[in-house]
Every structure is written in structure tokens, then in C-alpha cells.
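The letters A, B, C, D, E, F and G name the chains in turn, as written, and every chain counts its residues from 1.
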Amino acid sequence: MAKKKTFEAALKELEEIVKEMESGDLCLEDAVKKYESGMKQSRYCLDLLDKTERKISLLTKDHEGNIKEEPFKDE
Amino acid sequence: MAKKKTFEAALKELEEIVKEMESGDLCLEDAVKKYESGMKQSRYCLDLLDKTERKISLLTKDHEGNIKEEPFKDE
Amino acid sequence: MAKKKTFEAALKELEEIVKEMESGDLCLEDAVKKYESGMKQSRYCLDLLDKTERKISLLTKDHEGNIKEEPFKDE
Amino acid sequence: MAKKKTFEAALKELEEIVKEMESGDLCLEDAVKKYESGMKQSRYCLDLLDKTERKISLLTKDHEGNIKEEPFKDE
Amino acid sequence: MAKKKTFEAALKELEEIVKEMESGDLCLEDAVKKYESGMKQSRYCLDLLDKTERKISLLTKDHEGNIKEEPFKDE
Amino acid sequence: MAKKKTFEAALKELEEIVKEMESGDLCLEDAVKKYESGMKQSRYCLDLLDKTERKISLLTKDHEGNIKEEPFKDE
Amino acid sequence: MMITKKNTGHIYTVSKLTREIKSLLEDTYPFVWVTGEISNFAVPASGHSYFTLKDHQAVISGVMFKNQKQRLKFRPENGMKIVGLARLSLYEPRGAYQLIFEHLEPEGTGSIQVAFEQLKKSLSAKGLFDDKHKKSIPFLSSGISVITSGTGAALRDIINVSRRRFSNCCLEIIPVKVQGKESENEICNAIFLANQLKSTDLIILARGGGSLEDLAAFNSEALAYAIFDSHIPVITGVGHETDYTIADFVADLRAPTPSAAAELAFPDKKNLMQRIFKLQENLNSALKNEIASLHKTVLSLNSRLKSPETIVYDFRFRLEDYESRLNNMMKHYIQYNKEKFNWLLQALQSGKPDKKILSNRQHIVSLLNLLTYNFQKRLQVIKTNHLELETKLKELNPEAVLKRGYSISRFVSNKKVVFDSNDVKLKDQIEVVLSKGQLITRVEKING
């Protein structure tokens, strides 16, 4: 499922959530829900960034160094 | 059952009770009943706040620290 | 039976009795009866007040302190 | 039988007897009879008063002090 | 497959990618993809150049030196 | 086939190729092709130069008009 | 034909450029026939002759080494018009080029027989000398037929030159008489034979120097036609004479001497190989240059291919910011609700009904006190009322009369008080009630 959501979409969602929370009109339950959802988006984004960074690092190593590129099995 | 009442609703109810009690027109029995009911609402609110706080703390820790998020079983 | 008479009603009755007693026109039998009845009402009222006080104290303790709420069995 | 006559009735009777005797029109015999009857009424009243006082004393003690209320067995 | 793409086409592609990435309008996923593809093109180009150089070196040696030209089996 | 191409034509071709290559307007693949073709021409020329063995013969006619070929012995 | 322009941006050194010009000149003009007027003729101690050759438009330096000069039949001098065979050579240290002459002959001089002139004129008129009939000399011939005397110096010269210039040459020598009666025929037949065999692609017709008489065969009409009809191109190299023979005019190429003919027939193998190697080298360096330049292009593009790592860092910062904002907002929400709640709780606590209980208790106690007080008061009144009545009653007690001395008489029988003496009979028993005690009496007398 997560595969289908792009980083940009998740970031956008997170941004919306932060904005909504900062608008300050939420009741506690909604705030908690928004917060949870926001944290979820953020973690998702961070995961993607981590993955991306590892990939880049592999690509870069492969190019400059000696390590051969290994196909990313999850893609 | 408690799940169905939001924090805001409980807080509102508590507010109404306080207002009625402050109006001072209550007979002893009603005053006691109101007080009891108010205390119940307040306990409910406090519980919700505590739960919420714990939840947030877990979510936050999970992200920055090492503790893994455990699913809230009661939800 | 005591349940059915409110504190306020009992207090009212007591007040009536005191008033009648003050009027001074009572024959002995009536005076005694009134006096007895007054005593009864007052005891009833005081009992109610005691009970209420204990209840409030429990509610308050439960809220601020550590004692768990025990359901009031007589309610 | 005594139960049926109130303190007030007895006292009234006594008052009548005193009035009749003060009129002075009674023959000695009647006067003596009246007098005896009057004394009877008066003793009756006195008894009632004693009883009442004991009762009140008990009620009062029970209320302010420690003695438990004992049901009045003769009532 | 690689055989079908000329050096010039790969170089062109690499150039396009560099330009696109320098324009800075890419989303993360696209940027990573472009980077990957760019690395691939550049590796491909460098490989082709290396191969060509080795070929020349063999042909030259054959002429002046002693090593006989070995046919390139992959051509 | 090679027989049909004169040394001069091959040399000419080689010279043309060198000129084209030095003009620098070729794409890599074409340059490699030209290079190979040039090397072929050059090898062809060199082969032609080396092909024949030194041979000096003397042609004489006997009295009957028959032609006689004999090695010329001047060495 | 050589490469003269390089648009690869390559910069020559003087030596390299000069070397290239030298090879260009020397390769292009291995031998040329040139005509002009001699000037500045000088012979220094070395014995070589230096001069300039000029016409009305240009001058060119020339030299003739001592050895070649010895073979000349005349002495060159200033103002003399000459025709010569020369190599073009470039002297690198001075960057100067000059003609090195193998042979010189005065132009337009010499005694020419009328017959020779007539034949020449007639053959020329017939077109035998026309350039359009001249066959091209193969650049690299596969075999050469040498038609000359089998024993003469000419053959040796040709063989020597061929060995020097092209070691693995193929020569087919057809020995002929080159003077005398039969020579004309033999030479013609030799040409026919070569054409018949077709085993070569070039004919050298050579002879050492000699007088006009000696060269008769070479000035014959028959040989002229034999040469003209030959399918194989013919180079002539006849004698050291300044004069041309008819054969020279008809030949596809004329050399002044047999060795010069050999030089023209055989390309310099070493030179050719060097030329090819040079081309190979150029080919190599051109491709290498291209590869190097492409390599540079790829590397430069590569260095511009920025890793998206910085984008990742940017996003990380953004995410951190969002998260901290989320956390702050959430804390704020909780704090806000807590405060609101605490405020309400306080309000609730302050409305706790215990004060009401206390006041009610006091109220009840005071009511109770009032009740008791009033009740006691009431009881007191009732008591007083009763006591008053009882006192009054006691004062009215009929027995009080007796204390003053009165007594009451009653019939014993019916306890009736005796009011009238008439009611009494004698002997009736009468009870007399006194203040203290009673008397029982009997009626003794009645007074009525």
C-alpha cells in the first residue's frame, strides 16, 4: 500500500495536517487523530528518505568505488 | 460506552454542571447529584487526557528514541 | 420510606413544627407529638447530611487522591 | 380508660370542679365528692406530666448524647 | 540490449538528465530515478570508451608489436 | 577482392579516412568504424609492399624461338 | 595529398612542421624535370656547384654535387638556359628548399640530324608524342620488364637502384643488343614479348650513354611504334646525353639515365612504409584524441550529475520542522485542554456542597434547640396551670371547716349528711366527722 503513495503526496498531507493543527480550531480527539496521522506520514516520509539515501549511497559507491550495484529487490 | 463520549462533550457537560452549581438555586440533593456527576465527568476527562498524553509520548519516543510503538490495545 | 422524603421536605416540616411550637397554643399531647415529630425530622435531616458528607468526602478523595472509586452500594 | 382522657380534658374537669366548689352552693356532701373527683383529675394530670417528662428526657438524651433511642413500648 | 544504444545517444541522454536535474524542478522520486539513469548512462559511456581504447591498443600492438589481434567476440 | 584494389587506391582511402578523423566531426561509432577501415587499408598496403619476394629472372629465346626463363645470377 | 590543415587545434613545433613539409615536398616531387636560366653560379672548395635557376617570375635554389657534375658534357655558366632532372629537397636547419640536380643539359643546343628532326616532326604530327596517349606509370608495379643489354652497366645500375628502393622487386630481364644492326629489331621484339607475356606491368628501356650513331636504334621509327603500341607503360632511360631520342619522346615517361629510370619505376619502399606508419599513427591519435575528448565530456557531465543527497537533507530538515511543530501543537492542545479542565475542576470543587451541609446542620440544630426550648416552655405553662388548679382545689377542701371546730353529722346507714332534725329518729346512729377522727353517736333527744 505504502508503495502507492509518493513521498511528495505524503509530505503534502503532513503539511496540511500541520497547518490544520496550527489553525487551532480542533477538538482534542481530532487533534490526536491529526497528530497520529501526521506522525504516520512523517515516519513514512523518513522511511522513504532512508531508503533513498541508501540507494543513492549504493549508486554513488558503485560508481566511484568498487562495490557492485545490487538490484533493489523491493522495487 | 465511554468511547462514545468525546472529551469536548464531557468538558462541556462539566461546564454546564459548574454553571448550574454556581447559580446556587439547587437543593441539597440536586447539588450533590450535580457534584457527583461533575466529578464523574472530570474523572473521565482526566483519564482521556492521561491516555492521550501517554499515547503522544509513545509516538514521540518511537520516533526519536528507541522504544517501538506498541499498538494501543484498547482502541 | 426515608428515601421518599427529601431533605428539603423534612427541613420544611421541622420548621413548621418549630413555628407551631412557638405559637404556644398546643395542648400537651399535641406539643409532645410535635416535639417528637420535630426530633424525628431533625434526626432524619442530620442523617442525610452525614451520609451526604461521607459521600462527598469519598468522591473528593477519589478524585484527588489515590483511593479507587468504590461504587456506592446503596445507590 | 385513662388513655382515652386527654391531659386537657382532665385539666378542664379539674377547672370545672374548682369553679363549682368556689361557687359555694354545694352541700358538704357534694363538695366532698367534687373535691375527691378534683383530686383524682389532678393526680391524673400529674401522672401524665411525669410520664411526658421522662419521655422527653429520653428523646433529648438520645439526640444530644449517646443513649440510643429505645422504642416506647407503651405506645 | 546495450549494444543497440549508441554512445552518442547515451551521452545525449546523460546530458538531458544533467540539464533536467539542474533545472531543479524534479520531485524526489524522479530525481532519484534520473540520477540512477544518469549514472547508468555515464557508466555505459565510460565502458564504451574503455572498450574502444582497448581495441585500439590491441590493433596497434598487432601492428607494431607481437600480439595478434583477437576478434572481439561481442561484436 | 583485395586484388582488385590498387595500392594507390588503398593509400588514398587511408589518407581520406585520416583526414575525416582529424576533422573531428564523427560520432564515436563512426570514428571506430573509420578507424577499423583505415587500419584495414593500411594493413592492405603494407601487405602489398611485403607480398612479393625478390626475383630477378632472365628471359631468353633459343634458336628455335622458344622462350626460356632462368634466374639471373648477378649476386 | 598530404594533410596540410588540422582543425583539431593541434599546435606544431617548428621542427615537426618543417619535417612534415620536407616529407610532403620530397614525396610529392621525387624527381622533376625543370627548365630555367642559371644565375649566381658558384663552385666553392667542396667542388659542388651552387646556383639559382630562374625564369621571368620566380627563382629557386639549385645544387649539383661533384659526382653528378663530372658526368656532364658541358660546363654550366650564368645566363645559360638549361633543362635538368632534379629531386626537390628541403634543408631543415635553414628551412630552405632547393633542387638537387642529377642531370643538366643545355636547352635548344646540340647538333641534331635533319633526319632526326624530320622523324620527330612527322611522329609528333602523327600524335605519337601526345600526352593523351601517355599511359600512367603504376605506383607500385607488380613486375618490371627490363629491356637492355644483358652485360651493360645500365642493367647493373637498374638492379642496384631497385635493390635500394624496393628490395623485393620482381625484375624480368629481356637482354637485347642496344647498338648495331640487329638492335632495333631485338628491342622491338623484346617489347612485343613483354606485351605478349603480360607478366609485368612496366617496361624499362635502358641503355648507357653513347654517340648519336650508337643510339640509332632508339631513334628509329619502328621502335617508336613499338613503344607507342605497347600496352605496358614504358619508361626510357637512355645514355647521359643532353639530347632526347625519339624513344624518349614516345615513352610514357622519360628518364635521363638507366638508374634514373629505375628510380622512377620503383617507389622507395622505406619511404612508403614510413608514410603508411605515419598515417596509422595519425589514425590512432585521431581516435585517441576523440576518445580522450569524449571521456572528458562524460566526466564533466558526471561531475555535474549531482547526487540527490542534498534534496534528501532538505527534506529531512523539513520533516523535522513539521514534526516538532506537530509535537508542539499537540502539547499545546493537551496543555490548553488541561488548563480548561483544571479550571472547571476547581470551579466544581469550590461548588462542593459541604458548606451547604454545614449550614443546614447548624440550621437544624438551632431549630432543634428552639423546638426543645419552646416545648419546655409550653410544658412549664401546662404544669403551672395544673398546679394552680390543684392548689385552689386543695383550698376548697370541705374538711377545712372541721379544722375550725365544725363537724359533720352523717347517717351511718346511708352516709347522708344530717341537715334537719326532723329527719332523725331516736336511736338513730349518727356518725360525727371531726377535724381529727370520727365519732359514732346515738340520738337521745330530738329538738325540733
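Here is the rule we go by: contacts are C-beta pairs under 8 Å (C-beta built on N, C-alpha and C of every residue); 3 or more make two chains touch, one makes a residue touch a chain.
Because the structure is predicted, anything quoted here is derived from the model rather than measured.
Taking the mean of C-alpha positions as each chain's centre, the chain lying farthest from the centre of subunit F is D.
One rotation lays the C-alpha atoms of subunit B on subunit C, and its angle is 5 degrees to the nearest 5. Of all residue numbers that take part in the contact between subunit A and subunit E, under half occur on both sides, making this a different-residue interface.
Chain centre most remote from that of subunit E: D (centre = mean of CA atoms). Centroid to centroid, with C-alpha atoms defining each point, subunit A and subunit B lie 34 Å apart.
Chain centres here are Cα averages; for subunit A and subunit F they lie 71 Å apart. Per-chain Cα centroids separate subunit B from subunit G by 65 Å.
Distance between subunit C and subunit F, defined via averaged C-alpha coordinates, is recorded as 138 Å. Along subunit G, residues 280, 284, 287, 291, 294, 307-308, 312, 315, 323, 330, 334, 337, 345, 352-353, 357, 360, 368, 372, 375, 379, 382 each make contact with two or more other chains. Among all residues of subunit A, those that touch two or more other chains are 7, 28, 32, 35, 39, 42, 52, 56, 59.
According to the touch criterion at the top of this document, the contacting chain pairs are A-B, A-E, A-G, B-C, B-G, C-D, C-G, D-G, E-F, E-G, F-G.
Within the complex formed with subunit C, the subunit B residues making contact are 27-29, 32, 35-36, 39, 42-43. Residues of subunit F that touch subunit G in their complex: 6-8, 11-12, 14-15, 17-19, 21-24, 26, 28, 31-32, 35, 38-39, 42, 45-46, 48-50, 52-61, 67, 69, 72, 74. Subunit B makes touch with subunit A in their complex at residues 6-8, 48-49, 52, 55-56, 59, 63. Chain contact summary for the complex, subunit G toward subunit F: residues 1-3, 6-8, 138-140, 142, 150, 156, 159, 163, 167-175, 193, 197, 269, 272-273, 275-276, 279-280, 282-284, 286-287, 289-291, 294.
Here subunit G touches subunit C in the complex through residues 345, 349, 352-354, 357, 360-361, 363-365, 367-368, 370-372, 374-375, 377-379, 381-382, going by the rule given at the top.
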